[in-house]
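Before any comments, here is the structure.
Chain nomenclature is as follows: A, B, C and D, assigned in order of appearance, with residue numbering initiated at 1 for each chain independently.
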Amino acid sequence: MSKETTKLQKEEAREAFKKKVYSIMFETSTPQGKKFDLLLLAMIVFSLFILIIESLPSLSPTTRLVFYILEWILSIIFVGEYLLRIYVSPKPMQYVLSAWGIIDLLSILPVLLLAFTDSVIYFRIIRILRLIRIFRIFRINQFTREAYSLYNSLIASVYKIAVFMFFVVMLAIIMGGLMFMVEGKESGFDSIPESIYWAIVTITTVGFGDITPLTDAGKALASVMMLLGYAIIAVPTGIVSVEMFKQRELESKQGKQKCPQCDAENSSKAVYCNQCGNKLVSGELKVKS
Amino acid sequence: MSKETTKLQKEEAREAFKKKVYSIMFETSTPQGKKFDLLLLAMIVFSLFILIIESLPSLSPTTRLVFYILEWILSIIFVGEYLLRIYVSPKPMQYVLSAWGIIDLLSILPVLLLAFTDSVIYFRIIRILRLIRIFRIFRINQFTREAYSLYNSLIASVYKIAVFMFFVVMLAIIMGGLMFMVEGKESGFDSIPESIYWAIVTITTVGFGDITPLTDAGKALASVMMLLGYAIIAVPTGIVSVEMFKQRELESKQGKQKCPQCDAENSSKAVYCNQCGNKLVSGELKVKS
Amino acid sequence: MSKETTKLQKEEAREAFKKKVYSIMFETSTPQGKKFDLLLLAMIVFSLFILIIESLPSLSPTTRLVFYILEWILSIIFVGEYLLRIYVSPKPMQYVLSAWGIIDLLSILPVLLLAFTDSVIYFRIIRILRLIRIFRIFRINQFTREAYSLYNSLIASVYKIAVFMFFVVMLAIIMGGLMFMVEGKESGFDSIPESIYWAIVTITTVGFGDITPLTDAGKALASVMMLLGYAIIAVPTGIVSVEMFKQRELESKQGKQKCPQCDAENSSKAVYCNQCGNKLVSGELKVKS
Amino acid sequence: MSKETTKLQKEEAREAFKKKVYSIMFETSTPQGKKFDLLLLAMIVFSLFILIIESLPSLSPTTRLVFYILEWILSIIFVGEYLLRIYVSPKPMQYVLSAWGIIDLLSILPVLLLAFTDSVIYFRIIRILRLIRIFRIFRINQFTREAYSLYNSLIASVYKIAVFMFFVVMLAIIMGGLMFMVEGKESGFDSIPESIYWAIVTITTVGFGDITPLTDAGKALASVMMLLGYAIIAVPTGIVSVEMFKQRELESKQGKQKCPQCDAENSSKAVYCNQCGNKLVSGELKVKS
């Protein structure tokens, strides 16, 4: 029986430990949680710094070796951190499948795949996405609110932009095909995919100039296309502007929120109740971490 | 008499056949119609895939031959399909002159013209326009509605954009002429049409860089032109934004629609009546196919 | 006395003649006025056509001579037309100083200056501005109204855009100076004016690529500048959009106009009174010709 | 005692002198203040003119020497002016730390640092910022009001634009890293910082073309990136448009202001009271000089 009790106690202790680690790793309200997140941020920034330095061609072999070892150490820490996060989560799958879980996985993927050679290594740049946590850690409310507002506007216009993109890509394919037909293979329009690449460069008004029409017919067709693209570029701007306007209207209409503790009316932008000082939920970013 | 009856029966059978084929070819509400459209879409995508592969320079003669034969087979099918569509239409001319009829004709034109050699072949890229059917087949209501809304906004601003384009082209011609005068023939401004092409590349902010001013006067004039173009690019965006805003206002004002079956009020975005489940017309794309 | 009467009659006849010619040259409501304007348009288009052909490098000397003579004939006609316009105007100075008078003068300036040699000849391209008459001749009411509406929006935002341009040019000068300092003379940043030209090319997102930063510091500074320009490009669009929105609001508020003949209420967009069919003034372009 | 009185009188005289000089240097309402500011503007413009001329490569040593001496004289005057401004200010630190104080300091910094050799000299271009005074001197009320209105709109959207820039830079870093991985070092994507520079050039649609993808995978990735950038460019425009709209609404709502002298109602845009002719404060730029 004592053995069983010990087992139970152990189990309880483990649960308490998991809970504590969870609060440190996933929350930022406790001082320890904040410290952990700051440490993590610092390590991510340092890891990105190593990555960028490593990419410079003029690096002595010794420095390269030092950075190589440092990167291995950081990568092993990140893998451990990921496994620990899964271990302490009450619902591990929920974490793994969340946006943050996927970003965390992608960040360590090059290590997991032992693809620590060649240029695949640079896929680690995706780690920068983990820096979005910065909004959460520093609780810069004005920023998170604006980020959330931007996010809402974009979500509201996602269908319109998808439809728009469908037609832009279609236009790029048609124009690419026609330019390939008109210009022939001498001008750098070597194949249809190449021409579609050129068409996208042109419609988006980037205009690298690595491929340009040489024949008169090609230049005429390109001119029509550029004027068309000129009018077309107005469309996504119009879409987003209107949604932002509606979002802004909505925000100023919502106006009021009730404090759940004392029932006092507060501005929807309030972070603390102006009567009882209770922390209000609406002041925080609603994106789950 | 029996002969006449047979004739009449034949006529009737033919009419019934035409009606059935029509419903398969032009409608997507029946399972057969949907299957037909999916098959057609697959063939169009395959045809485009062939076209793009054919354009690659590094293709073995055997592969090229195989693709050549496949393309011929697909083209003959598309020609047959076009003729059948005309045959089964109750009002053939209406189909031929509709937007879809013209796209279908353009898609098979290279074959009809027996222009199956040289680079005219690549005009087949226009077949991609037939993919717009995708909206119709999958009945992605949200998308068709957004497409329709975008379409309305653009139609409403078409006059303003036409006037704007008139002045932009005029500005490009004047600027092209002046640059030709200032730069002379040494800098790549070989003729006025060439200079107008350059002016369009510049005003639309594409900026390939294949032709650039070399003299000081040319650079000064180009600078003025770019600053002008910078302010001008705001115009189409303004036009489209305002129309989209009005369109959006209109949509949210319409607000309600009555179910034609049970007279219940429904949201204008509803696809089925919320009282009797009757399919509402407004939820569909109003563009005729 | 008879002599005096003759003189008076002559005077009167001349006045009547001047009035008639005036109505032909300046008005488009009479069939003769319309015919005159159409002929003029045709001659301007032909003159522009000659100008463009003349600029092509691959032209035989004979063709060049023919075009040279044709251009001389047209130019003399235009000079004659300009003088006649002054002669028949009741207030000649008003015509000369009007927008149209200045455009007409600029169109014949190269001839007047006998600068019919060299490349100054291409300044004739400015003649294209006379094509704006097309709106007046064809009385395409929808277009003139839209042109007028665009014009109003731009006029309303002219102060804001001027202030904006002041700051953009200032930014371009500062950035040009800094890039010249950072890049040195090896990279194509040969002088400050050259660098300012580059800065304008970059801020306006044209990006020819004829001059590009080569040093790391230069690339970093250019990156900051491009991101700045990215945010800045939003400003003129915002200005114009808001003015267009206000203009549009104004137009839909004005709503009604009274027919000056029968006092019936008409939409502000009406061209003819819906009660008596009287032509309404508001349907026409208010810009004086 | 007479000595003390003299001292006191001297002190008073000095105070009066300081006050007078202050009003000349810092204010523009007196004729002398206006003259001083005009002289200063002229000297700044002349100094910028020298700077630009000096940067031209084709300059004879004699001219260069003359300009060198002139620049030294102007610089000493500007240093003297800065010291005098500090001396006559009632609260010197307030001036030194104000926006104008910092600009004035930056303008003379190259001289103070005795860095009057090499290319650091061109940092003097920052002097152009002092030209903003032009709004104050000429009291072009319409312009200052528009500048103020633009300024307000930008301030109101500064958080949203900061958040947007955070994500754009993040996207540029990720895309730069991926392109470096995909393209390898042969295509000009020499290092990650170089690739990030390319990504910024591409996302902002500048598109110099000094570095372009050469591999198929690189072109595909670049295409995705350009289409993404195409949608993204809509965001700052949307942000600024909405804020400008709100600003404009606010301005037209404010509508009225009371004259502090006679209590008469005036338009908020009025510069003088329409009853008593009293100068109204609101008509001036609220930015402190």
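Please note the rule applied: a contact is a pair of C-beta atoms (placed from the backbone, for glycine too) under 8 Å apart; a residue touches a chain by one contact, two chains touch by 3 or more.
All values reported here derive from a predicted model rather than from experimental measurement.
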In terms of mean CA position, the chain most removed from chain A is C
Quick one: superpose chain A on chain B by CA and send over the rotation angle as a multiple of 5°.
-> 90
Repeated interface matching C-D, over half of the contact pairs identical, chosen among B-D, A-C or A-D | A-D
Gap in Å, rounded to a whole number, between the CA centres of chain C and chain B = 33
So what's the Cα centroid distance for chain B and chain D, whole Å?
-> 47
Could you list the positions in chain D whose residues touch two or more of the other chains?
-> 193, 205-209, 233, 237-239, 241, 245
Name, in rising order, each residue of chain D that touches chain B in their complex.
-> 205-209, 237, 241
Which bits of chain C are touching chain B when the two form their complex?
-> 48, 51-52, 55-57, 119-126, 128-129, 131-132, 142-143, 146-147, 149-150, 153-154, 161, 164-165, 168-169, 193-194, 196-197, 200-201, 203-210, 233, 236-241, 243-245, 248
Of all residues in chain B, those that touch chain C in their complex = 159-160, 162-164, 170, 173-174, 176-178, 180-181, 184-185, 190-193, 195, 202, 205-209, 212, 216, 219-220, 222-223, 226-227, 229-231, 233-235, 237-239, 241-242, 245-246
